[in-house]
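Here chain A shows up in two complexes: once beside chain B, once beside chain C.
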Partner chain A sequence: MVQRPVERKAVRSRAYVPGVFRAGQPHRRLIALFVLTVLVFGAVLTRVTILQTADASSYTLAGAHQRTQETVLRASRGVIFDRNGDELALSVPATTIFVNPKLVGDPATTAAALATMLQLTPERQQALADAISNKDKGFVYVARQIDDKTASSVMALKLAGVDSYPESTRVIPGGDLARGVIGRTDTDGKGTAGLEQQYDAVLTGADGELVRQHDRAGRSIPGSGTVTLPAVPGRDIVSTIDRSIQFTLEQALLARASELGARGGTAVVEETTTGNILAMASVRRDDQGVYHVTTANVGAVDSYEPGSVAKVVTIAAGLNEGVVTPDTTLRVAGKIVYNSGTPWEFTISDAEVHATQPMTVHEILVHSSNIGTIGVSEKIGPERQYDYMTAFGLGQRSDLNFPGESKGILKPWQQWQGTEKVTPAYGYGVAATAIQLIGAVNTIANNGVYVSPRLVQATIDKAGKMQPAAPSATRVVVTPQTAQEMNLIMRDVVCNGTATRAQVDGITVAGKTGTGIKAIGGQYATVAKDKAYYSSFVGFFPAEAPRVTTLISIDEPPAGNIDRFGGTAAAPVFQAVVPTIMHQLGIQPPTTNGGCPKK
Partner chain B sequence: MAAVAPLHDQPERLAPRRSTPGQADRRPMSRVTDPALRGAADRATPRPVLQVVPRRRRAASIVATSSVILFGLLLGAVAFQTRIAQNQLALDTTEHAVKDARARYDVLRRARAELRSPNRLSVEATRLGMVPATNSAFMTISAQTVARMTATAGWLTRNVAENTISSFDQFGVVKAVAGDAP
Partner chain C sequence: MTTATTLIGDRRREALDRMSSQRHHPTRRADTRPLGPPPTAFYVIALVVTVLIMLGLVMVFSASAITSLHRGNSPWRIFNRQLLWAVLGGAAMITTARVPYHRWRRFIPYILALACTLMLLPFVPGLGVSVNQAKAWVFIGSVGFQPSEFLKLAMLLYCADLLARREKEMSNLRRTMWPVLAVAGVGAALCVAQGDLGSAIVLSAIVFAVAFIAGTPMVPMILMTIGGALATLGFVFTSQRRYNRFTAFLDVTGNKDYLSYQVYQAMIGMATGGVGGTGVGSGPSKWGYLPLAHSDFIFAVIGEELGLVGVVAVIGAYLLLTYFGVQVALAARDRFGQLLAGGIVAWLAVQAVINVGGVSGSMPVTGLTLPFVSSGGSSLFVCMTAAGLLLNVARHVK
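Moving on to the complex of A and B:
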C-alpha cells in the first residue's frame, strides 16, 4: 500500500516509446465514449421521433405511393344493336403505342423501324422522327388503337423508349352499313356524330378505379387488392334499324344512283304503326364519280322542296275539311299565269300538257295535277293549309331529335306573299327532310294518326336487362275515313297513275310520286337540260293493312330523259327493296286480290 | 433430471475438510469413532460431497411448452401468410383470366358480327357465283303439300320452340355476370 503513489508516478513519467502501446487513462475515454454514444443515440432518437410524428404523414404517403398502383378502370362503351340483336357498333380491345423521347437514343432509326411495322407514310415517319427528337417531351403517340397482333409485333422489337398500353377502339362490323345513322366517336371514345353523339351519355359508362399494393415485380401484395370504385359499363342501345333491310336499301340506292348517273339518293323505311325507322340510307357520288354510302344522315339533316308528294297533305286536308270529296270535279286549266305582265310574272303548269278540263279530286292526285291541287288548296285557304302542313309534321324537327336535324322550311302563312300562297300546296316554297316527308305520308297509312319516328326502341342496363323506350308520340291529324279515301286514291297512283313502276306482284301498294326542281343559287333553271331535279316516291304496303312506309329520293337524276321523275327514278328502288322488307318482317301477301287489279 | 455438480468444483468443496489448526475441533467426532480406523480414514482419498440439487422440472416444462406453442404459432403464421399469398396469386390469375376472357368475348363478338355482316355475305355469295334476284314471286302452297311435309318432318315441339334464346338474352346474361370486371 505504501508503494502505490510511487508506482503511479512511475507510470506517469514513462516516456513515449515508439512501437510500444500502453494502457493510458481509460476513465476519461470511457466518459467521452459514453457522451458520444448518448449524443448519437439522442440524435437518432430525435430523428426517429420527428419521422414518427411531424413528418409521419408525408412519409407514409410517399411509402404508400411507392407500393400503391392506382389503375383507372375504363368503363366499356355500350353496344349499338340492330333490332334483331346484331351488333352495329361495338368496342373491342386494342393497343396504343407510344414513345418516350427521353429514352430514345437514335430517333431516326426508331422512327424508321416503327414506320416499317406500322406502315406509316414518309411524311408521318418524318413527323414522328421530329417528335421523338424533341427530348423535352416525355410522351409521344405513335399509333392509337391498333390491333393487338400488330402491337405485339412492334413491342417484340424491344425498341428503347417504345411502350404500349391497352385501349379499346370502336368498330362498325358491317363496314359502311348505316354509318350515317350510327355516327362515329373520336379517338377518346366520345360520340361526335349520329346515334353515337345523340346517345353519348347513355352509351358512356362511369370509369372506376382499382387501388392495389404491389411488389417490385408488379405482383399484388397478398391481402392488399382493393377495388375502390368499380367501373359502371355504359348502357347498350337497341336501335330500330334492321341490318338486312338497311343493306338492301343501301345497295339498291347505290345501284340506281350509279345506273342513272345521279348525284346521290336518300331512302327511309318506317314501320307504319310504331314509327320505328327500319332503315335510313343515303348515297353520294364523289369527285371521282364513285358512289359511297354517306357518313352524314342526309335523310335527317338535309331538306329539299318535296314537289308533288306534298299534294298528299293538301288533298287530305281538303277531304278532311269536307270542302271536296274524291269524286268532286274541278275545272283544271293546263296552266295559270300569275302577275301577268309584271316583273313578278309566274307561270304554273301541269307536268302533263292539257287543255282546261274537268278532273275529279281522285284524278288530280293520281295524275299529280298542280293546277288541280291549287284548286283544292284555295278551297281550304292558306291558314288551314298551313295548319294541316304543320299537323303532318312539316316545318318542325321530328321527335327523332337527331344531331344536326333540319326543321325544313315552312314560313307562317301570314308571311306568304304572291304565289307563295299557292305553291306550298304542291310542294314548292316549302322544304322538308326525308324524315318529315315519310312521317306525313305515314299518317295516311296509319289511319290518320301521325306517329313520331324513332331510331331507338330500348336500352340494356348494366344488369343486362332490356328497358324498352317510351313509345312514339302520336296525334290524330285526319279522320280514319279521310285516311281510307286517301289510301284508295294512292293505290290508284301506283296502279294507274305516275308510280306504276312501284308495283309489286301480289302486294297492294299505295303511294305518291314527287318531282321537285331544285333551286340552284336561289334560282330555278328555265332551260330543261339545265334543271336539277329531286325525284321521290313515298309508298306503303300492304295497302289493305299498312305495315311499312318507304321513301325513296334520287338527287339530280338526268334532266334530259324520262328517268328524271319520281315515278321513274325512285319508284324502281321501292319495287326492288319491298321483297326483302317483306321477308325480314314476315309480311305475307293476301291470298287473293293482292296487287293492282288485272286489266 | 437431477443436476450434478461440475467436477472442477470438487477442490473447492473439499477445501473446508483440510485440517487446519483452527478447525480441528469442529470436526464431528462421530465420523470415525474407531481409533483403529482413524488412521486408515485419514489416509484414504477425500471423497466429494454429493448434494441434491433442487428439481426444476416444472419450470423446464413450462419453458418447453411455451417454446412449442410459440414455434407452433410462428409456424401457423408462416403457413397462414403463405396461404394468403397463394390465394392472392390465384386471385390475380383469376382476375387476369376474367379480363382476358372478357376481351376475347368482345373480339369473338366482333368476328361473329363481321362474319354475319350482309356486306361480307354479299361478297362471298358473289364469289360463289350467286346473283341478286331480279324479281320475287309469292306462291300458295296447297294444304296437301303442307300436310305431307308435316308428316315427314314433324312440327317443332313446344320444348324446342320455347327454349330458343335470343341474341339479346345471351348478351344480357354475359353482361350481368361479367359487367366491367377489372
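Moving on to the complex of A and C:
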C-alpha cells in the first residue's frame, strides 16, 4: 500500500528527469532557424538563377514556340495565257477539308456526314471511317481543293475534328483544250507534265510567311511584332498557242479520226517565220471507241517513220547540192529488189504502179516516187543525205525542250546497213516527231532557214511587265533558190499530185503527203489489210509568202481503202482548219490569183 | 505545527504566484514607461514590408489586367480589390504595431476559437466555395476570404503564449509539446479537410518553429518533425491523384501538358525574363499561359518582367525580413515577444520559400501565396497584421 505510489512516482519522474531531454536555448534556436532559412532561400535562388541564365534558352524557345504562329502565305501560281491573252490554265481559290481523328468522337457518323455532303462513294466513306478511327494520326484529308461553297456548307455542320484551310486549285477553263501542251499540276500545285512542268520554276512563286504572337486562346498579342514576308506570286507565261486555232484543230482531228475510225491523230500549226507553235493537238481513241484529246503531247513525245514527207529533205538536198535540178530526168524503175535470193531480200516499189520510165525530179516529188527519190539520194551519197537530214532537224531533240520530248531515230550514216542506206531518203528506217517533221518542211517555207519551234513567247512578272522570250534560233539549211524551187514543186503536189484534197480556194498551198507503214512488233505487215499506216500531210500557205506551216497526221487510218494515204486521210483536216487559221492570223492571199492554176 | 507549516507554505505559494503572475505579464508595468526611439530593425522591417506590398500591387496589376479584361471585367478589377485589402491590411498593421502586443494575450483563446469556427465556414452551403479544387474559401457577397490565413495567426499567438507561460517546463513534454502538437494537429486536420495541404504544412511549420524556438528538447523535436513529415507523406501517398500532383515537380518537362502545366509555364516565363526581365507589363506569360499569374504564381511574373534582378531583390527582401525579424526576436523584451517575433518570421519565410520553390519547380506546388506580394485579400490582410505584431515587438525591444 505504501510502496505503490512510490513506484508510480518513480516511473513518472523517470520520464521527465532533467538531463534526458534538455530544453534548448531560444537564442541558439533562432540563429539556427535563420541559418536554415538562408540556406533554403540560397538553394531556391540558385535554382532560379540557373533557370534564368544557363538553362534559359530551351525554355525561352518553348515559350516563343507556343505563342508564335507561323502561317504560310501560299504564293499563287502563274497563269498560262494563249498568244492573245486568254487564260489556258489558272489557279483559283478553293478549300481543302481535313479531319483530326484525335478530336472525333464517332468516326462512322462523321464519315457518313462527310460522305453525304461531299457525295463520296461508299468505298471512300468506309476508307475515311477507317482512317478517322486511327487515333494515332492527327491529320487525314477528306477532300482537297473543293469549291468554297461546298466547303462552307460542310464546315457549317461544325463536326468535331473537321476543319479546313484554303488551298488553290488549278483550272483549265477550256476543259480538254490543249491539255497535252499545258500539262498538269499535282494536288500540291507542282507541275508534273507539259508546260506546267517545263516552266514550273517560272510559274511557281515564293511562299510568304506571317509570324505573329498570340495568347493562349489564339488572339494576337497587341504590340507584339507581326512579321509578314509577303508571298511572291509566280510569273505568268504567254504561250504561242492560239486558243481558237487549237480548238478548231482538235475538233477537226476528232471529227476526221472518228469519221475514218482511225486510232488517233496528231497535228501542229507553226508560224513559218517565228517558229511559234500556234496549235498542237492530238486525239486518240480509247478502249470504248470514244475519241479524246490526249493528255500527252503526242506531237512532241512520240516519233513515227515519216514516210514520203521526208522526200522533201532528200530532193531539197539534191537541188541544193546541185546534183539535180527540178527538170533533171531520171530513169525510174517500177520496183527494185535488193539482196535478191537471200534471206534479206527486200523489194522497194512505188505506190503508183508503173514500168521503168523517165521522170523529172519535179515529177518524182509530185508523184512521190520512192525509187526516184532513191535515185536522187544516190547522187548525193549517204553522208550528205545524213548531213541534210540532221540540218533539217531530224534525229535531234528540238529547241522546244518539251518534257519527255523524243529525239526520233536517225542512225549515223556510217551505221547504215544494206537497204538502210537508201530507205531514209524516202522516210523509212528513220523516225521523227511531228515537231521535227514540221520543222523540216517549215525550212522550205521559210526560204531555206530552219527556225526552232517554241511554245512560250513571253513571261509576265508580278508587276505586270511582259518580258519577251528570246527569239527562236535559226540556221540556213538550203539556199533561197532551192527553197523556192521546192516551194514550186510542193505547190504542184497539192495542185496535181498526191495532196489535191489539201487545196483551199483562193489560196496557194504547198505541201507534201506521207504514208508511213508502222512496224508492228518490229515487222512491217505484208498483207495489205493488216498494214498499219501513219498518214501525214505537211503544208504551208500562202505559198507565195508562207505564213503558216501545218502538219496533220492520222494514226492508223483504215488499211483497206483509199483513205489510208496522207493525201486522203490527213489533207482534208488541213483543208478544214485553214479558214480558221487565216481568220485568226488575218491572212489574205498575197495575189488575187491564188490557188491552183485554173485548167 | 502543521498549521504553521501550512501557513508558511501558503505564504510561499502566494509569493511564487505573485512572482509568476509578474512573469506572465512582465510588460504590464512597462506600458506606462515612455518608449525610446524605434530600433533600426523596426524601420527596416517596415520598409521591406511596404516595398513588397507596393511591388505586389504593381505586379498583380501587370499580371491580372489581361485576364480580367478577357473575362469581361475592368482590367483594374483585381488590382482594385488588392488595393482595398492593402488599405484594410494597412489599418490592421498600424493597429497591431501600436497596441502593445501582450495586450492580445488575454484574447488568445477567443481568437483561436473564432479562427477554428471560421475554418468550418467553407463547409456551410452557400458560404463555402471551391477554388482550385480546395474548399478553403468563404464568400460573403462578393468578398471572399480564406479562414486558414486567420488560423495561422491565431495558432501562432496561442503557441507563443502557451510556451511563453511554460518556459520552465520546456523539458516536460506533457506540459509543452503535447498541447502544442494537439493544437497543430487539429489545425492541420482542418486545413486538410478543406483540401488545402499547403496551409496545413505552413500551419504545422509555424507551430514547429515556435516550439523549436521555445526550446523544446531536440530529440522530441526531431521525432515530431519526422512524424509530421511522415504524416504528410502518408496523406499524399494514399491518393494516386495527390501523389501524382505532389511528385510532378520531379519531372516538370515530362508533365508539362497537365500536372506541371503551371510550373512549366512559370519556368518558361522566368527563363524568358532572363537577367534583365522583359519590363513590367510586357511579359507574355500572363496572356493566358499562366492562369494564376497574379496570385500563386506572381513570382514567375516577377522573374519574367523584372528578371533575375527582381528575383534577387524579392528573395533579398525576405532574407532582410528574416534577418531583422530574428534580431527582433533575439532582442525581444520578454519570451512571448520572442516567440511571437520568431514565429512570424518563420511563418513568412516558410511560406515564401514554399511558394518560390514551387513556382521555380524545386518543390511540389501547394497553392500558397507569396506573402505581401500575391493577390489574395485575406492572405495580404493577415500577413500585414502579423507584420504589425512584429513591428510592435521590435518597438519594445530591450
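Criterion: the second predicted complex is superposed on the first by the 513 of 599 C-alpha atoms of A that agree within 3 Å, B and C clash if a C-alpha of one lies under 4 Å from a C-alpha of the other, contacts with A are read in each partner's own complex, and residues count from 1 in each chain.
Everything below uses one rule, namely that a contact is a pair of C-beta atoms (placed from the backbone, for glycine too) under 8 Å apart; a residue touches a chain by one contact, two chains touch by 3 or more.
Everything numeric here is computed off the predicted structure, so don't read it as measured data.
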*asked:* Quick check on the superposed pair: does A:119 touch chain B, chain C, both, or neither? Answer first, second, both or neither.
replied: neither
*First (chain B), second (chain C), both or neither touched by A:84*: first
*Between chain B (first) and chain C (second), which does A:342 come into contact with in this model arrangement: first, second, both, or neither?*
neither
*Partner chain in contact with A:221 - chain B first, chain C second, else both or neither*: both
*Overlap of the chain B and chain C footprints on chain A, residue-wise?*
221, 223
_Partner chain A, residues of chain C touching it in the complex_ = 66, 70, 170-174, 209, 212-221, 267-275, 282, 284-285, 287-289, 303, 307-308, 311-312, 315, 318-319, 322-323, 326, 329-330, 335, 338-339, 342, 345-346, 349, 352-353, 356-357, 360-362
*Note which residues of chain A are touching chain B in the complex, please.*
71, 73, 75-76, 79, 81, 84-87, 90-93, 168, 171, 173-177, 205, 208, 210, 219-223, 225, 227, 230-233, 236, 238, 243-244, 247-248, 251, 460, 462-466, 505-506, 579, 588-589, 591
*Residues of chain A touching chain C in their complex?*
16, 18, 20-27, 29-31, 33-34, 37-38, 40-41, 43-45, 47-49, 51-53, 55-60, 62-64, 66-67, 213-217, 221, 223-224
*Mind listing the chain B positions that touch chain A in their complex?*
81, 84-85, 87-89, 91-92, 103, 106-107, 109-110, 113-114, 116-119, 122, 132-133, 135-138, 140, 166-168, 171-176, 179-180, 182
